[in-house]
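One chain, subunit A, links the two complexes that follow: it is found with subunit B in the first and with subunit C in the second.
Presenting the complex of A and B:
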């Protein structure tokens, strides 16, 4: 089974359970407060995922190591290449 | 470690996501169990907004990404035509 099918199956199961609980298709007795929580559950999971993504990206941006030597070396190589190509007649912006 | 402004931006994103997560958790999961006459309810919008606001934000975000993508594709097409 492909990954896509696995994901779709999982999502389908979750949404099915949610639909059954919210639209009273199953004889489950939920207190009104729990019903409120279940009703918001999919959106809550989506929001949690979004917050997690944002936090991970932010953390990785903050802890990414600078490579000073590699940066300088790259600049030198760019200059060399630019001069070389200019000699051969190509104009670079 | 990353330099100054990178660190600041990264940490700001982490802090923002923590804030949003905490507020939304309280709003969606905790409030139904709190008595209706407790003062904490005045810090939160009515419940349906807990679904409406993320949906609208999501639609706006997707439209922005989509139009940016479309704009870049069009630019590329125009350039290819005039060449």
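Presenting the complex of A and C:
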């Protein structure tokens, strides 16, 4: 099953369950309070996911390692390499 | 089933285009890394008809380090990355293949770490990651980091690939695994790199990760334009719908 199909299946099941409960398509006697909760649940989940996503991405950007040392080390190695290669006979015009 | 150090050979594939300045440096670093670790290796340079004389520099390196260590497999013009790998692998004598960028953004010092990681659990693929552990990047501003993390988050949500860095191209493959993957992939550019990992998972191959540092020295030339974003989105949707 492709990821697309997995998502369609998952979303389909969730929305199907929600529709059944909210529009009384199944004989589940939900009290009015619970109906309220279920009615707003999809939107609530979507908003929560959006907030979670923003927070996660923000956190990952903030903690993205900056490799200053790697860059410096590379510069030194480049110089060493150039000297050694010139000794070995490399000619760069 | 751990491999014996004595019988393993590592073929490094270096597709190049206009890398006249960087090629000697990356080769020097590779030779040093392998000499220090003691592993058997060869470097296969696949130059796509670079107009700046990259091939001529490669020939000098061949003379300095020997034809068994520097293998030249040039092509007449710039063709795809996938075909470069296929072309390079045809003459590879190693049982492992390492792919990496030739512009010094990937550092050969991580190769021994890739090798140890692979031997840990006989992984089919070892992928370098910029996003976990001590991995990271030098030379990216906030905007670039944001785009990178945002795109990566999207791929994790949609593809659940089991690897943290999908667009990275610093990897170690078992040769037979790379051959199988290249023939199953159809995308181009860095979407190709994404597809390789996704297909690897699909085919049941095991993937290990090693944190790497990515030193971006060409960012100033604006590698990430609107076109790249669009082709990334298209590639992601293609993989989402077909794998």
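The criterion applied here is as follows: the second predicted complex is superposed on the first by the 68 of 93 C-alpha atoms of A that agree within 3 Å, B and C clash if a C-alpha of one lies under 4 Å from a C-alpha of the other, contacts with A are read in each partner's own complex, and residues count from 1 in each chain.
The rule we apply is simple: a contact is a pair of C-beta atoms (placed from the backbone, for glycine too) under 8 Å apart; a residue touches a chain by one contact, two chains touch by 3 or more.
Nothing here was measured: the structure is a model prediction, and the numbers come from that model.
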Review point. Looking at the overlay, does A:82 come into contact with subunit B only (first), subunit C only (second), both, or neither?
Key: second
Check your understanding: So, does A:26 touch the first partner subunit B, the second partner subunit C, both, or neither?
Key -> neither
Practice item. For A:64, select first, second, both or neither according to whether it touches subunit B, subunit C, the two together, or no partner. Key: both
Check your understanding: Is A:14 touching the first partner subunit B, the second partner subunit C, both, or neither of them?
Key -> neither
Exercise for review: Check whether A:40 is in contact with subunit B, with subunit C, with both or with neither, and answer first, second, both or neither.
Suggested key: first
Exercise for review: Have a look at where A:55 lands relative to subunit B and subunit C in the superposition and call it first, second, both or neither.
Suggested key: first
Exercise for review: Pick one for A:3: touches subunit B only (first), subunit C only (second), both, or neither.
Suggested key: second
Review point. Touching subunit B and also subunit C: which subunit A residues?
Key: 57, 60-61, 64-66
Exercise for review: Sort out for me which residues of subunit C touch subunit A in the complex.
Suggested key: 20-21, 24-25, 28-29, 57, 60-61, 63-64, 104, 107, 131, 134-140, 142, 145-146, 148-150, 153, 157-160, 213-215, 239-243
Study note, to complete from the structure: Touching subunit C in the complex, subunit A uses residues 2-4, 7, 53, 56-57, 60-61, 64-68, 70-71, 74, 77-78, 81-82, 84-85, 88-92
Study note, to complete from the structure: Within their complex, subunit B touches subunit A through residues 1-3, 6-7, 9-14, 16-18, 20-21, 24-25, 28-29, 32-33, 47, 50-51, 54-55
Review point. Hey, which residues of subunit A end up touching subunit B in the complex?
Key: 32-34, 36-37, 40, 43-44, 46-48, 51-52, 54-55, 57-66
